[in-house]
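Structure below; questions to follow.
Chain naming follows the written order as A, B, C and D, and within any one chain the residues start at number 1.
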Amino acid sequence: MKQKVFASLDEAVSGIPDGARIMFGGFGGAGFPNNLIQALARKGTKNITAISNNCGTREGELGLMFKNNQIKHVIASFPGPHANHFQDRYAAREVTLELVPQGILCERMRAAAAGLTGFYTTVGVGTEVAEGKEERMIGGKRSILEMPIHADYAFIKAQKADELGNLTYRLAARNFNPIMAMAAKMTIVEAEEIVPVGSIDPENVITPAIFVHRIVQAKGLRYAG
Amino acid sequence: MPGDGIQKNVMPDKPRLSREQIAQRAAQELTDGAYVNLGWGIPNLMGEYLPKGITVYFHSENGILGMGRRARPGEEDFDQVDAMKVPVTLIPGASFFHQADAHLMTRGGHLDVAVLGGFQVSEKGDLANWKIPGAKGSGGIGGAMDIAAGAKTLIVCMEHTTKDGAPKIVKQCTYPLTGLACVDTIVTDVAVIDVNPEGLVLREVAPGWTAEEVQNVTGAPLIAKERIPDMTLG
Amino acid sequence: MKQKVFASLDEAVSGIPDGARIMFGGFGGAGFPNNLIQALARKGTKNITAISNNCGTREGELGLMFKNNQIKHVIASFPGPHANHFQDRYAAREVTLELVPQGILCERMRAAAAGLTGFYTTVGVGTEVAEGKEERMIGGKRSILEMPIHADYAFIKAQKADELGNLTYRLAARNFNPIMAMAAKMTIVEAEEIVPVGSIDPENVITPAIFVHRIVQAKGLRYAG
Amino acid sequence: MPGDGIQKNVMPDKPRLSREQIAQRAAQELTDGAYVNLGWGIPNLMGEYLPKGITVYFHSENGILGMGRRARPGEEDFDQVDAMKVPVTLIPGASFFHQADAHLMTRGGHLDVAVLGGFQVSEKGDLANWKIPGAKGSGGIGGAMDIAAGAKTLIVCMEHTTKDGAPKIVKQCTYPLTGLACVDTIVTDVAVIDVNPEGLVLREVAPGWTAEEVQNVTGAPLIAKERIPDMTLG
């Protein structure tokens, strides 16, 4: 059996180069891979392109990455009212931002996961979001072309991971995590609990192990905003 | 800028509905069994004012269907939060799903009703609600564009005019748009207005207001058929 | 509470007009809504456009519909080696067929479900499937444009349905059912078991109730091929 | 038609691998921990011949990952079938998912290896495997086009020639295509051939066969570097 379980958070983020494109799960304080983010802060990886719904909450979540100036570009839907470290870097032009409607952010990542090379949507037609994008009528509907968002890594927070990488999520901490796990080339999971293979009912697996490459035990920082 | 030429001093000095009352009036639009998404601001207050005897299934774009009331102190679970990061309870029959499925619901026409706040609504039903021109910082879109594009019925709750007295219902939006021709009904502190193919139809006015007075604080023509009934809060 | 539970199979298929577009779940003998199909045979609805992975197994599954000549057009991926009633109608030009790669069949239905107006894929490029479809290069990949598949109805087989319409599926009987449930305007479910609201763990719901409109107890015909 | 100009009587009368042996040889290409989809025909026999000590996670396009052996009489569950409608068992760590996610896996590049049967493979790695020209009936595609487009490594298992002796490895496919430039390796009853950017590279020959004899039953040029080793069945 391939060994996917890593002994430490620092080992779980080893080998991530400067300039990596990384997806970060989480929404509304729930389901953030806070322990992996802290490991990446320790590692000091620079010039990251981050894909995330928001841009951190004070020093919590992605806030730490912006405070440390590790991120150069972010693709996000809602940076958020308490993303002060991001806003400071953004005002100083140390980070650039692509704003994407939240559901389209999900779909663009899913398109990458599913091997689709683009899709048309009515969302954003006639708005700033449509600027520079191809527009056409399809079935009587003004539609714009959206492209997949690929990533080198996804940082995922799960409730349970079995040793193969099958995952479950707790309540609404699921949010972006399953989509990002499918979309990235390498998915790194911090799990509250690592359980033996076979202990998750096959019908209740949310993320199948095929999408998971590294697993590490979360060290207890669940909420960090 | 919107409201050019409209002076504060021409606004009628009549009582307007409070934010809670706008929410209460808008809640009367919901019907039994409806799947409903409530946006930030006034819409988020509507849960408190549901008509008696109906069950509504509240959707949250982070992947919940069937949210109940907010959690009370001591019962909060911070893995069970709504799109405003507030811990919530569930009602029986709730479900969790990932965010792509949550927005498949918004965009794909599965929600019966969505209610959003608004900065401006045009006479064609265009909505601007995510960015104030000239505001500092990055701004943020969130789920509003997907919701605006996909809900079967989109209600906007907002004050009828800005703090400066400028109309927020306008011929054409000057604020950055959220979506085109998406709004079905506008509930404000002085009126209920439907966006119909023939134009903006005044359905109700706040108690004490006349159709003409509502027109005076509106930046686009209103169609007022016969006598306009008063807004009632259910 | 809205009443979604119907007392009989015949009532559950009431009101379906001639010419309806209907999706039928099921794959490899598992997860077919055989009892609803039999009710539709009794009802005698004609000129149906059927969307289904296959075209029946002898008189079982969709075979009954072809035997009765109720289907005029079918969108399918793999009619199947035992779809003799379909093949007879097809040879007699009483039914037309659009062949679609299986994963693209799923994606086109999901696009309808998700409000997307089209998508690009590399699947089928250079094959018969690409004939008549727009082709372009995207990111160096030859891609063809695929359109959503909408339907008026979906016939779904579930294991459990609660009275609101939350569904679970048994093992690999899940297959196409959750996708079709999301894609159709009206989803009609035959469930092995109808359970009280609240008896399915919210984390284990596979099809949320928002996608379900009618529920009826399956009458015991699980496999019909 | 393929095989024009190649006569049955020029085929060497040497022993060829059986279908089971082709499957056995192809199984040696699988590595520990791989996620693998096996198509109809010869590929479906491979599960019996896995190299000792490795675990492979078999994927089925109807929504299973982690299939084990076929169910024995009496233990069949007809809700747990593979893509050929055969009741199967699971290995620990298996999971179920819907068919759209199953094909997200095939098309999205998540499968390490897919193995398909073939009617023809071209020197560019084009595959034809779903339809025989002139065959009666509707034909059917199934999951092959998604799998061909998306697998990280695509192996084709087939007999080297048709029953009439025509080569199935050709300069250009004349049968309806499944996918363009998708095949990485071909395992036949007389050879293992890699589809490389420079052309078809002969990697192994069946015991008793020479490179020249394999070339004689192949419709496209083979690149044979130095001495070609014999196929071994692991």
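Observations, loosely collected:
Note that in this section a contact is a pair of C-beta atoms (placed from the backbone, for glycine too) under 8 Å apart; a residue touches a chain by one contact, two chains touch by 3 or more.
Remember, predicted model here, so these are calculated numbers, not experimental data.
The chains touching chain B as well as chain C are A. Should one ask which of A-D and A-B has more C-beta pairs in contact, the pair is A-B. Averaging C-alpha coordinates per chain places the centre of chain A 30 Å away from that of chain B.
Distance from the chain A centre to the chain D centre is 36 Å, each centre being the mean of its Cα atoms.
Annotation: 57 Å between the Cα-based centres of chain B and chain D. For chain A, the set of residues that touch two or more other chains comprises 107, 110, 114-116, 121-123, 169-171, 202-203. Contact of a single residue of chain B with at least two other chains is seen at positions 96-97, 103-104, 107, 149-150.
Under the stated contact rule, the graph of chain-to-chain touches falls outside the line, ring, star and complete shapes.
Interfaces, counted as pairs of touching chains, are A-B, A-C, A-D, B-C, C-D.
Those residues of chain A that touch chain C in the shared complex are 107, 111, 114-123, 138-139, 141, 143, 147, 168-171, 202-204.
Across the interface of their complex, chain A is touched by residues 32-33, 35, 55, 57, 59, 65-66, 90, 92-97, 101, 103-105, 107-111, 149-150 of chain D. The touching residues of chain A, counted against chain B in their complex, run 27-31, 53-55, 76-80, 86-87, 90-91, 97, 99-104, 106-107, 109-110, 121-129, 142, 169-179, 206, 222-223. Taken together, the chain C residues at the contact with chain B in this complex read 1-2, 110, 112-116, 162-164, 166, 182, 197-198, 200, 202-203, 205, 208-211.
For chain B in complex with chain A, the residues that touch the partner chain are 60-64, 77-85, 96-100, 102-104, 106-107, 126, 131, 136-146, 149-150, 176-180.
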